[in-house]
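This structure is in structure tokens; I'll ask about it shortly.
Residue numbering begins at 1 within each chain, and the chains themselves are lettered A, B, C and D in the order written.
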Amino acid sequence: MDQPKNKRYGMVIDLDKCTGCGACMVACMAENNIPFRDDDTDKLLSVSWMHVYRLSNGKPFPQAEECFLPRPCQHCEGEHGHSPCVSVCPATATDYDMHTGIVSQIYTRCFGCRYCMAACPYHVRQFNWWDPVWPEGMERALNPDVSVRMRGVVEKCSFCYSRYQTALNRAYVEGRRELAEEEYQTACAQACPAGAIVFGDLNNPRHRVHRIVQPDLAHGGRPRNPKAFRLLERLGTHPKVYYLTGRDWVRRAGDNEVQKS
Amino acid sequence: MEEPKSSAPSSRSEPGQGGQGDGAGGAIILFFILGLAASLLVGWVAFPALLYSEKRQPVDFNHALHNEIVDHGCASCHFFRADGGFSGAPKLAQCIECHREANSDDPEEIRFVEEYVKPGREVPWLVYARQPDCVFFSHAAHVRLGGIDCAVCHGPMGESTSLRPYQENRITGYSRDIWGWNIAGIKRNSWDRMKMDDCAECHAQARVPGGSVQTQKDGCFVCHK
Amino acid sequence: MDSALIPKGVERCPLGRFLAFIAIVGAVLLWGVVAMFLIYIKGLNQTNMNNAYGFALWIWADLAVIALGGGAFFTGLLRYIFGKAELKNIINYAVLIGFVCYSSALLILAIDVGQPLRAWFIFWHANVHSMLTEVAFCLTCYFGVLTIEYIPLILENRQIERISFFRHLAHNMHGIMAVFAATGAFLSFFHQGSLGGVSGVLYGRPFGFRSGIGIWPWTFFLYTWSAAACGPCFTILVTRITEMATRKKLVKDEVIDLLAKIAGWMLVTYIAAKIVDTVYWAAVTAPAMGFTLMDFYTNNPGSAYGLWILIAEVGLCGVLPALMLIAPSVRRNARLLFLAVLLAVLGACLNRWVMILQMQAVPVLPFERWFTYFPSWQEIATTILPVAYGIILIAFSYRYLPIFPQEAELNPLPEGGR
Amino acid sequence: MKIDRRSFLAFVLGGAAGTALSPLPWKLTDDISIWTQNWPWTPVPPKGETTYVDSTCTLCPGGCGIRVRRVEDRVVKIEGRNDHPVNRGGICPLGAAGAQLLYSPWRVRQPLKKMDGRFVPVSWEQAIGEIAGVLRELREAGTPEAVAWIADTDRGTTAELCRRFLTVYGSPNFIRTPCAQDAWETALYLTQGQRATAGFDLERATFLLSLGSGLLEGWGTPPFVFRARGALKDNNGRFVQAEARLSKTAAKADQWLPILPGSEGTLAFGLIHVLLKEGRERKPFVAAHTAGLEELKRQALQEAFSPEAVAQATGLEAKAVVELARAFAAAERPLAVCGRGAGRVPGGLQETLAVHFLNALVGSVNVEGGVIAVPEPEYIRWPEPEMDAVASKGMQTPRVDGAGSERYPHARYLLNRLPEALLQGDRPAVRVLFVSGGNPFYSLAGGERTEKALARIPLIVSFSPFLDETAAAAHYILPAPTHLERWEDVPGAAGYPKPVVGLARPVVPPRFATMPTADVVLRLARRLGGPIRAAFPWESHEACLRQTLGPAWETLRRKGFAVEEGFKPQPFETASRKFEFANADLKRLAAFRPLPAPGDPGAFKLTLVPFDTLRLTAALGAPPFLVKALESEILLKNDIRVEIHPQTARDLGLADGADARITTPQGSARVKVYLTEGIRPGLVGMARGLGRGAHDRYLAGKGVSANRLLALVEDPSSGLEAGWGIRARLERA
């Protein structure tokens, strides 16, 4: 069977545009059936595929500056798809798909050893410490395109893979095999009122992500755009989520640096 | 306190043991066979009977009869929706298009009209092929793209004149068709089982190119959600 | 009451006192079992783990007991492959301790997973790239080997031995024990190493990551080596504690001395390698990832992972016991020997702790803070559970099985005794 | 044959072998794992056909276009409409969580009547009948003006029907809940003679100066403002935020001016001072289109507004004030906005006038990239109702809130003055209060005094779909359907610079026995009969909408919105046909004077400043997703965290996360502190929207409400609510 060209789905988040409003988080929660609890204030016990960090430049008032950094799963490519989390899963519950560049997580395969969580430096992986419970009636808002996760498994952002599946379904029914850029967008990119999140195929020069980032695909997708950077570039995880900023301190906050004095 | 010397009875028992051996050997073999037979009976006969509960479909639908009347075969009632999804078991609204009133004096049709059409109640069909929630099955990919016939997975359902009983796994809540009706999991036809391995088998045969880094087969998200 | 079960030629405490002891330890065990069921029923929310601390006390306990259980494979290797015949006097106990350690590890692992009822996926849907897969397979296989090694011991019970089949079985199993010892050593090499790989391969975690030789990171070899070095130390430690508890000499000094000497030299070589590894990591691996050594040890209020922990692990619990153990004078001094093996055991535990717990405490994203963790009582109870279980198993084995071949000789019964 | 131990063992062994050779253990193992993958207590959403319905969000005055995804008859997701001019695909967190409001188990499911302090279900017939009875009595007693109606909007058919009802009934007391538009609308009227709302052409401005406006915290229509800020960035425009706190808006500004709170008006006058002094006003515009500049000069060139004096008042450097004024004047399309935080408190009229003057001086009024007077929609053209004598007499009585009175002739609604009015006399001036939106029992400042005042009203009727604070305090709850279950015309989008009308439609049938508020009004009118009944010739709200919109109905129904793309602002309608910096009306206003925070600075060393966040709302509460998304810097377990500067913390001996007690002249509450360099020393920042007495268990009982600690502050020039903070004390708890 002939196969369409491989995609490398990725995201660019303009940190100078992001306002930290949280629409991406909520849109993600609604799209992906994220459970909520009476007390979700301990963010280390809470499930949220998208987390908005609040970065500070560490300077005193009034030189203090802040920046908001939304963090979905980085969908690391590593070397040949061996992202930090994928190779450690003992039960093949998480995988890197060369056709899309998406790191999958199969909740029914996962048995909750949490090795992947220890492996991920971005803390994108979250464990279902509790049974998900919806107050009576609110389970009606659950999206059937995304499985509800049971207690005891790890979950993470899938780049709204279910939206890819349903978009492909529509395309197949209409006799097409390829998707237009706007046909497959993640919930966060779609919702962002500031237009800070751009999503698309990094392999496709016509897609906005490619045009913005200008990825050097021969070198793990390093951005050629000088304003673009990736989190923890030095680790060699080769994430497919890029960040844009014109502020130097924000850029520096994206990676660790040994001070040469 | 007991006798400090205890080696005597042990040495005494040894020849006795050998003596008993022949007579007891037969008994041992017999009991072994008894145990074996009993457990095989339990495992192969009693267990499957206990594991599944049998349910009848709400309406005994005659596929063969309908297939003769309709113009587009299976697709007449089971079609692709505009959202790319597959309609699956028809909604009452579809049935009503022809069955506002009973078209025959078939008692089953009359009952269907009385119990469902008139009160406007959806028919709670039991879907033999219903997959677990974690599965994303794209009819579009298989039928439109792959050109696979319905029967490859669903068997000659369209030729049936009556709906066979639906068996539900008491533990998992799923249809017996998923594991297959053969309790040993032996399949003779492509539609005999619908477990993940069966999907994978067909994908391997069809040389669906694998994107998985871990397995070199299909990526997990191809069939999961 | 139970004297028919007690090995010949040795004396045991009265049954009443024995049962009282078991009851006390059993209460602790029960506490752990309650916690275990609580966790099974309510889930892992009963722990104080969180999304930043996915691995915690249990994984540490696993790694630690497996390292300490390394005494079994290494003593077996020395006894059966390298022909250190004297060690036959301690091999039984080493096997028993190993059995306890490995069964405990499996028990803890079974509690630690979020979905225990499908934990078998690790075998059925194994991912060959994962260190944990390797650990699971080797661990299970080696546990089987340990069971096979332990069975002849059970068969030597006075009452069981009376049945000729079992006596012959035990005899035959003893005969081929070298095969199992070799298998055990082979399996141990891999799973001890794989456990080292657990943190060593995590290239997203600069604290744990060690660059590799072929497919394995250095921690692979360091873990195997440290298990071989500290495992026998643990065997000696437990033997000595048993001797104290029973107020009897159970193993001759020269046996202990030999094992301690070998462990000492293993420790010397291990700690040398560890120092090289640490230096290379601090000077090359970590800086390439953007970290200096002090990034890992400072500015962590609440975590308290200061440089002291590295000094404690490598110096106090590494170099010091290594030097002590290779000194014959220290080995001859019972107190100093005890101290040395204790330090070595602590060193291995500390190493496993650091490689799992501190690894997760260190923030990798520059804008995150140090993460803190303190186990819940349920975690502590379930971690103590295997200790209680181990004590009970050892107590029963000691009471009813001829674990120590030299015991009768060292403790001649008074005239008129058994 | 003897069955001994060994036979038994053989039997067991045989059994084990047989079991292993049977499917039992293997199938059971597999099935048990499948069971764990589908635990019966973990819900599985039913599959079905996915459809999309376009509608308009009515959760805030924004009026964004939404696209509602349904699976069969369930709403599963709300997204922004890509083709909607206001939000163009974007959506705010509240809008995105809208389905949780629809499916909230804390919705009011049928009419409720409070009896002996508890709500009991009653029929619609009974509830409406009983309320009509009370209304009839009041009319018979000749005091129809004792009925008041609080609504969160005064536009659209529902609001107009409510107001019409009050009018023909005989009460002038229709009150819109306060917002920054109150001040802007008055400013536009006084300077331009236009009855219009203020729109801000943020997308095309090149220099945006915000005087304390939380542009990224809910001010205006959030998706529109957000996108506009992105456009400013793309156009290399400049964005300056003057605010005491490093809010999200300040954090995203190109420059943050950490001015003292409450000094926004002074800064505006200071900038005017510099502009005029240095002759940097846009002379062609000023000469051709404005009048009264001399008067403004007299006012602004006072010593009190010199850069030095302004520096003193704002905490900035004089140089910074001068530079800001120059940069503002030099920009191609400068625009200044005000309305603190999300704009829920109007602020002083003079302050808004100063900002508006600033815009006029640089020519940014009714032009591209400036403040635009957006006319109120005119599609509602109902015939004047026939009024009977009682109604006419009632309508002649002064409004209970004093709006339009001698003292505040230009104010239209002054809800903030209602509590004091209610406390006068033996009998409260209001005997029946209807509340449709705005949740005043929560969102009005003033703490216990406000509560006490409102509690004096003998009959309160809430139309809230949810059990919010106002509903909880009401005597009747006549639940309206949620925004996804009803028809609603949505005229205008807050701050959007063009006239736009949206249509909200029932995306799903109503879940409960609810009734649109407009239909309740129609039914009440029918019950009361006579001229009241005659004023409402419509069968239902939907019928009213159809007839009112006429031919536009079909367009709206098909497209969902109507926008006047080629809209051009109307010429000024003042007597001079110019923008007037001065006129008789303006002259009569009390002079500008920065309002201090209430309280004795000696006893209360600190100042509490409330702030808004998009993850909380005032009226609606917050659906579970918003509470989940709330930062742990704001809420930790059940404790609200207040922001203080590390220096302030040191002075008070408080560490980060420490428990503290905050006390203001209004009250006291327990809080936890959050130390940040992003706030001026001496201030205490507190998020608005927590401390809810009602709502669901995800929100209720968490934190404290800033409104309980704040006092109502009346602007002397307009009567509008102008509180921006209160003196406070913080102690270790």
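Going forward, a contact is a pair of C-beta atoms (placed from the backbone, for glycine too) under 8 Å apart; a residue touches a chain by one contact, two chains touch by 3 or more.
Predicted, not measured: the structure shown is a model, and the values here were computed from it.
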Determine, using the mean of C-alpha atoms as each chain's centre, which chain is farthest from chain B. D
Which pair wins on C-beta contacts, A-B or A-C? A-C
Chain at the geometric heart of the assembly (C-alpha centres): A
Could you grab the centroid distance between chain A and chain B? Build each centroid from C-alpha atoms only and quote it in angstrom. 37
Averaged-CA centre spacing for the pair chain C and chain A, given as whole angstrom: 40
How far is the middle of chain B from the middle of chain C, if each middle is the mean of its Cα atoms, in Å? 46
Centroid from C-alpha atoms only, then distance chain B to chain D, rounded to Å. What do you get? 55
Touching at least two other chains at once: which residues of chain B meet that condition? 83, 85, 132-134, 214
Can you list every residue of chain D that touches 2 or more other chains, as numbers and ranges? 32, 35-38, 44, 47, 50
At least two partner chains per residue is the criterion; list those residues in chain A. 42, 46, 56, 82, 87, 89, 92-93, 107-109, 131, 148, 150-151, 166
Residue positions on chain B within touch of chain A in the complex are 80, 82-85, 132-134, 136, 138, 140-141, 144-146, 206-209, 211-215, 219-222, 224-225
Residue numbers on chain C that touch chain A, as the complex places them: 43-45, 49-55, 112-116, 118-119, 121-122, 125-127, 129-133, 136, 198-199, 201-206, 287-292, 295, 356, 359-360, 364-368, 371
Of chain D, residues touching chain B in the complex: 1-4, 6-8, 10-19, 21-24, 27-28, 31-32, 34-35, 37-38, 40, 44, 47, 49-51
Where on chain D does chain A make contact in their complex? 36-39, 41-48, 50, 71, 74-80, 87, 89-93, 96-97, 99-100, 102-105, 216, 222-223, 226-227, 229-230, 233, 246, 248-249, 251-252, 256, 258, 511, 614-615, 624-633, 635-638, 645, 676-681, 696-698
Touching chain C in the complex, chain D uses residues 29, 32-33, 35-37
